[in-house]
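Order of writing sets the chain letters: A, B, C, D, E and F. Residues in each chain are counted from 1.
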Amino acid sequence: MDESSQLRKIKDFLIIYNSLTERCFTRCVTNMNHRYPTKDETSCIHNCAERFQKGNQRFMKQFMKMTPEMVQRRNE
Amino acid sequence: MDPQEAQKLAAELEVEMMADMYNRMTSSCHKKCISTRYDTGDLEKGEAVCIDRCVAKYLDIHEQIGKKLTEMSQTDEEAMSK
Amino acid sequence: MDESSQLRKIKDFLIIYNSLTERCFTRCVTNMNHRYPTKDETSCIHNCAERFQKGNQRFMKQFMKMTPEMVQRRNE
Amino acid sequence: MDPQEAQKLAAELEVEMMADMYNRMTSSCHKKCISTRYDTGDLEKGEAVCIDRCVAKYLDIHEQIGKKLTEMSQTDEEAMSK
Amino acid sequence: MDESSQLRKIKDFLIIYNSLTERCFTRCVTNMNHRYPTKDETSCIHNCAERFQKGNQRFMKQFMKMTPEMVQRRNE
Amino acid sequence: MDPQEAQKLAAELEVEMMADMYNRMTSSCHKKCISTRYDTGDLEKGEAVCIDRCVAKYLDIHEQIGKKLTEMSQTDEEAMSK
């Protein structure tokens, strides 16, 4: 893999990382009564991250399955 | 800009826009398919099926809208050239 | 038109295209009981795309009408 | 970076930020003006009037906020230089 | 400061400026019965901009306070 | 691409992603902390405390999620290399 596609891969990872933090934080942290994440919040964060990541893998797999058809139809 | 550079930029643009479409799709399908109760880290069966259908449907509709936009811009050009 | 502004134009078109798909999909597709778009969904998608596109043309027209005043005021 | 390149980048930045402002405006005004019932592909009269007012108002307010931000940053600098 | 970081600074300012307009417009302008901002809307816009800007300063201050710890922990 | 250019692009990417994280954080914490009644331009005491906690918590959670993602990708690689 050349350097330019390696950078693209790092960028894609970082975008997922940033958006995962944003979404799971928004959903799991509901009040600011405490400075540190509570036990419930931490457990929610872990499940949320795992689910999103598994969801992302499923999206990628299905997308990879569908695009060849799409490209073929477009070139017909 | 020489033609080679223009071609390289056009290819980069295509990759970027494909990535943008993919990101919008996952964001939209996430909302439609994945429960917001986070009591477990596993995807349920129904959620996985929903993701597969949602991706397929999203790509279908993306294609339909592409055709519609092309159609509409042709009608505009005809109207202007009259 | 030189190549750089042509690329800008293609990019602007693709951003509209992507955001139109996102918005109309989000609004028109309400369940995943079917793999293929239903007749109602397809009709909703077409009307949605047409309206957004007509809306976009109206936005652009009004924006073009307003900006000269704005630029003038700023330079006074 | 030579001055010519810096100037070119500054001009590109201005175009990019203008496009960003325009995109935020259309997204905001779409939500305020366009009905989400898609039973027809035509804009209604009221929707068109709403778009025109919304664009004009958005640009007015963008200008007011620009002035406000400049004012506030001057007050900050005065406070710091005391 | 060299030209490249000066551009970065201008860009950061413009992003704040654009997002501030978007948020305050969305919250303060609730109807389109009038072409010009009403007295209530104008007052809301000014308070909204001031609050967001003060909020942004607080965010930046706290972020600057927290990041050294974070970077240190990461390098341990 | 020569190594020096690659390094420069990697550094730019890091700055860009840090800025992206910061923007998402402020947007998320704004929603959680700042009232939408705009009857005054001042931050209330409770809002300021909320911002401080929200930033600290957001950074903690960003770190935790980073570790989790690394862990998950290692498990995936082990599973694949079996």
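What to note about this one:
Criterion: a residue touches a chain if its C-beta (ideal position, glycine included) is under 8 Å from a C-beta of that chain, and two chains touch if they have at least 3 such contacts.
All values derive from a computational prediction rather than experimental measurement.
The pair A-F is the one among A-F, C-D or A-B whose contacts match those of B-C for more than half of the residue pairs.
Inter-chain centre distance (chain C to chain F, centres taken as mean C-alpha positions): 30 Å. Averaged Cα coordinates give chain B a centre that lies 26 Å from the centre of chain D.
Among the residues of chain D, those in touch with two or more other chains are 25, 33, 56.
Shown for chain C are the residues that touch two or more other chains, namely 15, 24, 46, 49-50. Tracing the ring of inter-chain contacts outward from chain D, first into chain E, gives the chain sequence D, E, F, A, B, C. Of all the residues in chain C, the ones that touch chain B in their complex are 2-4, 7, 10-11, 14-22, 24-26, 29, 32, 34-37, 42, 45-46, 49-50, 53. Chain D makes touch with chain C in their complex at residues 15, 19, 22-23, 25-26, 29-30, 33-34, 36, 38-43, 47-48, 51-52, 55-56, 59, 63. Listed in rising order, the residues of chain E touching chain F in the complex are 8, 12, 15, 23-24, 27-28, 43-44, 46-52, 54-56, 58-59, 62-63, 66-67, 70, 73-74. The part of chain F that touches chain A in the complex is made up of residues 1, 3, 6, 9-10, 13, 17, 20-21, 24-25, 27-28, 31-33, 49-50, 53-54, 56-58, 60-62, 64-66, 68-69, 72.
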